[in-house]
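Let me begin by handing over the structure; questions about it come next.
Chains here go by letter, A, B and C, matching the order in which they are written, and residues are numbered from 1 within each.
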Amino acid sequence: MNGIWTKGNFRVAIEVKNIVKRFGAFAALDGVDLKAANGELLALLGPSGSGKTTLLRIIAGLDWPDAGEVSFDGENALAHGAGERHVGFVFQHYALFRHMTVFENVAFGLRVQPRAIRKDETGIRRRVKELLDLVQLDWLADRYPSQLSGGQRQRIALARALAIEPRILLLDEPFGALDAKVRKELRQWLRSLHQEINVTSIFVTHDQEEALEVANRVVVMDKGRIEQIGTPGDVYDNPATAFVHSFIGESIVLPVEVCDGCVRLGGRALNIAANGLASGPSKLFVRRHDMQVGPAGSGALEGAVRHVRTFGPIQRAEVALSGGESVIEIDAPRDRELKAGDIVGLQPRRYRIFAATE
Amino acid sequence: MSGSTGRRSTLPGFGLTMGLTLTWLSVIILIPLAGLFLKTLELSPDQFWDILSSRRTLNALKISFGLAFAAALVNLVMGTVIVWALVRYRFPGRRIFDAIVDIPFALPTAVAGIALTSLFAQKGWLGAPLAELGIKVAFTPTGIFIAMIFIGIPFVVRTVQPVLIDLDVEIEEAAASLGASRLNTVFRVILPSLIPALLTGFALAFARAVGEYGSVIFIAGNLPNVSEIAPLLIVIRLSEFRYADATAIAVVMLVASFLIIFAVNRIQRWAQMRIPAH
Amino acid sequence: MSELQISPGSVRDDLRTEPRLVRGIIIAIALIFLTVFVVLPLVVVFAQAFSRGIGAYVAALSDPEALSAIRLTLCVAAISVSLNLVFGLVAAWAIAKFDFRGKTFLISLIDLPFSVSPVISGLVFVLLFGAQGYWGPWLQSHNVHVLFAVPGIALATIFVTFPFVARALIPLMQEQGTQEEEAAISLGASGLQTFFRVTLPNIKWGVLYGVLLSNARAMGEFGAVSVVSGHIRGETNTMPLLVEILYNEYQFVSSFAIASLLALLALITLVAKTILERHLDEGQLPRGD
C-alpha cells in the first residue's frame, strides 16, 4: 500500500511487546504486540473500553504497563518518563493551558527546556510562528483557549505537541469532540500534514470511517487484545475475525450451521462453501452490497421484499428470508427496480463464515 | 527491562507531598488529639464517672446539648424560610441579604458575643422593649439560646440553598400538571427532596452550637448549674489546674461531635444513593 | 409545549409559586429574622464604638495595649496562614492529583478541626505543653516557653485554621483533573515547572479564597487562643482577647473600638469572598465544547 512497506528497508520506530495492563481485576490490555514503522500513520480502532487509549498512554509514558516492553528505535522507552521520551501527545480534550495565550501554549515546551539547549527569545518566537503557520492559525496567537473553536483548539494542541520536535506523535481521539463537518475537514488536513512532516504517528479512534480514511494501517482492538492489523483495504475486505467483520462496515449476519463442509440456514442447505470451517454453529457475514439480487430461485437464499428505499445510486431493500425469521437489509444497484412484495433470490458474492463463539 | 514497572505515576511528587501532608497532619492535629485521649486513660473508670456525674458537669452538658438542639431546630425552620425567600423570590436587596447570611461565619465570636449582649441587655436596643414585656434575655439561658441561633444560621442556609437551586423545576411542573395543589407540591414533592440537606444543615448547626464558646459566654451569665455551658466549664477547670476534669468533659464533647460528623457523612451518602446522578 | 409558551405568564407562574400574600409573609419573616439576628449585632458594634465620638474611638485604638494586641494578631495570622498555605498546597497536590486508598479518610482527618470545639483545640496544647502536660516539665527545665507565649498562640491558631486552604483547593484541583499537568510533563517540563507554570496559575483564585478565610479565622479566633494565651497584658493578648478583657472591665468604648476593627475585617472578607466566588465560578465554566 504505502511506499514504506513495499521498500522493505524501513526502520522500526515503535515496538510494543506483550503489554499487559490491569486496573484491579479488569485487564485493560491483555498481551498486546505492535510495530509501527518510521513515518507511518497508524490508527488504533476499537469500541470504548477496548484498551486503545491505555495503549497510547503507555507508549507516551503517561501510564505504565504491568508487564511488557516498549521500545523506540530499539531503545527501551520504559526506562524514561514521559518528559524524556520526546513524544508529542495530543489529548482528547486538548488539555490546552487555559491561562496562557495560544502563543504561550505552543512556546511552553520550548521554554521549559534545560537552559543549555533552550532557544533564546527570538528563536522561540520564530519557531512558534513557524508552527502556527503550519497549522494555519498564526492570526490567533494572542487569543486564549476559551476563545477558540473546537477545531482551532485541536490544531493548537497539535502545534504545541510538535514544538518539541517529537520523534513520535500520538493523538487520542483527535476528532472525538468535534462536530461532523469539522471532523471531515480536519481528517484531510491531518493526513496532508502528516505527509508534510512525516513523523511516526499513532492516533486512537472509535470511528471506523476516520481510521480507514486517514491511516496507512489500522489496528483493530477489542477487550484489550488486537484483533487484526492491516491496511484499510485489508481490514475491510478480509476481516480476520467475526468482531472485525461486524465492527467495520455494516454486515448482514446470519446464524448458520456448518456440517461436513456444507452450510445450512434454518435446516436448508445453502449453495455456498464452508471454506474448511469445522462443523458446528457458525455465523455467516455478508456485506450489504455483496448480496447479489436476482429473480426467484436464482440464489442460495430466497425472500420477500418488504420495503424499498432509494437514495443515490443504490436501493436499500428489507427482505424477509423464507424459511426463517431473519429480516435483512441489502443494498442493490438501481439497474433492476425492486418493489415491495417481490420474491427475490439472493446469492452472496463475497462472504465469510466464522465459528459462533458466543 | 521487561519486568513490572509497578504503578509509577506520570506526575511527580506523590511520595514527597504525601509524606509532608501526613507529617504536618500528625504534628498539628493527630498527636494533640491523641494526647487528649491518652490523658483520659490516666483516669480510672470510677474517676471518669465521678467527674461526669457531678451535678455541675451534668448541668453544663445538659445546657450545652439541650440549648444547642433547640437552637438548631429554630435554625432548621428559619433557615428553610430564608433559603426559600432567597432562592425562589425576587425582592430589592436580595443579593445583600444573601451575602449577610455569612456574617456569623465571618464575625469573630468575641465580637458577636459582646454585640449580642449589648443588644439584648436590659438597656439594649432589643433588650429594653423585651424587658417591658417581662422577658429577660441577657445573662439567662435564653441568652445562650439566642447566641446559638446566631452562629447556626449560615449552616442550614448554605447547605440547603444549592440543593434548592439545583432542584429541577420540571418536577414541580409535573406535580402541578398532575393536579396537585401548590401546598401539596411544596410539602409532598419539594420538601422531601430537601430532607438530606436539611438534616445535614441541622446537624452542622447543632455541632457548632454545642462547642461554641466566644459568642455565648458574654451573654450567658455563667451561673453554675443554670447558665454555664460545657466549654466554659472546661476553661474554668483548666484555670483551677483540674486537668482531669477538663479532659473528661472535653472527651465527651469530642466524641459527641465525631458522632455528629459521622451521622452527617451517612446522611450525605444516603442522599447520593437516593438521588441518582443525572 | 407551545401552548405553555404562549399562555400568559401568570398562568405559568401559578404552577410554580405561592400566592402573593404568602410570598410577602415569607419574605418578611426571612428579612426580619436576618435583621434581628445578623444585621443589628453588626450595627451595634459600630454604634457602641463611636458612642463617645471619634476622638474616644481613635484614643482607644492608639492605646499601647491595643497596638500591641493588633501587632500580635497580625504576627500570629501571618505565621499560621503562611504555614497552612504551604501545607494546603502540598496536601491538595497529593490528594487531588493522585489516586490512592483511604483518600476520603485522609480528607476527613484534615477536616477534623472544623468539628472540634475551640476550647478543646486550645486544651489539647495545654495538655502537651502545660506545667502538668506531657512535655511541659522538660520544656520548662530547658527554658522554652510554648504555653502562655507566642508559639502556643500560633499553634492553637494553626490548629483551628488547618483545613481552610486544603479544603478550598482539593475540590477545585480534582475538578481540573490532571490533563494539563500531563501535557506539561510530556512537553518536557519538570515537576516544579509544571506546578508553578501550569497548576498554580489555574488555582490562584482558590488559593486566595483559602488564604482569605484562613486569615479571617486566624485573626478572629477567640476560644482556642484564650485557653493557651495566659492573658499577659501587652504580651499575649490578641485583639479578640483584648476585646474580652476591656469588656469585662466595663471599658465598653475601647472594647467595641477594637471589635469594630475585627467586624470591619469580617465585612472586607465577605466582600472579597463574594468577588472571589465569582472568579471561581468563571473558572469552572465548561471547558472544551
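Keep in mind that, in the parts below, a contact is a pair of C-beta atoms (placed from the backbone, for glycine too) under 8 Å apart; a residue touches a chain by one contact, two chains touch by 3 or more.
Quick caveat, the model's predicted, so the values are computed rather than measured.
**Q** Can you name the chain that lies farthest from chain C, using the mean of each chain's Cα atoms as its centre?
**A** Most remote chain from chain C, centroid-wise, comes out as A.
**Q** Indicate, using Cα centroids, the chain positioned nearest the centre of all protein chains shown.
**A** Central chain is C.
**Q** So which one's got more C-beta contacts, A-B or B-C?
**A** So, comparing the two chain pairs, more contacts are at B-C.
**Q** Just how far, in Å, is the C-alpha centre of chain C from the one of chain A?
**A** 53
**Q** Please report how many Å separate the Cα centroid of chain A from that of chain B, as a whole number.
**A** 56
**Q** Can you work out the whole-Å distance between the CA centroids of chain B and chain C?
**A** That pair's centroid distance is 16 Å.
**Q** So which stretches of chain B touch two or more other chains?
**A** Expected reply: 10.
**Q** Tell me, which residues of chain C touch at least two other chains?
**A** 182, 185, 190
**Q** Residues touching two or more other chains, restricted to chain A: which are they?
**A** 61-62, 81-82
**Q** Please give the residue numbers of chain B that touch chain A in the complex, ascending.
**A** It is residues 1-8, 10 of chain B that touch chain A.
**Q** Chain C touches which residues of chain A in the complex?
**A** 60-62, 81-89, 91, 93-100, 108-109, 112-113, 146, 150, 153, 160-161, 163-164, 177-178
**Q** Can you check the complex and tell me which residues of chain C touch chain B?
**A** Chain C reaches chain B through residues 14-19, 23, 26-27, 29-31, 33-34, 36-42, 44-45, 48, 87, 90-91, 93-95, 97-98, 100, 106, 108-113, 115-120, 123-128, 130-134, 155, 158-159, 162, 178, 181-182, 185, 190-191, 194-195, 216, 219-223, 226-227, 239-241, 243-244, 247, 252, 255-256, 259, 262-263, 265-267, 269-271, 273-274.
**Q** Using the touch definition up top, name the residues of chain B that touch chain C in the complex.
**A** Against chain C, the touching part of chain B is residues 9-14, 17-18, 20-21, 24-25, 28-33, 35-36, 39, 78, 81-82, 84-86, 88-89, 91, 93, 97, 99-104, 106-116, 118-119, 124-126, 146, 149-150, 153, 169, 172-173, 176-177, 182, 186, 207, 210-214, 218, 231-232, 234-235, 238, 241, 243, 246-247, 250, 253-254, 257-258, 260-261, 265.
**Q** What residues of chain C sit close enough to touch chain A in their complex?
**A** 179-180, 182-190, 193, 197-198, 201-202, 285, 287-289
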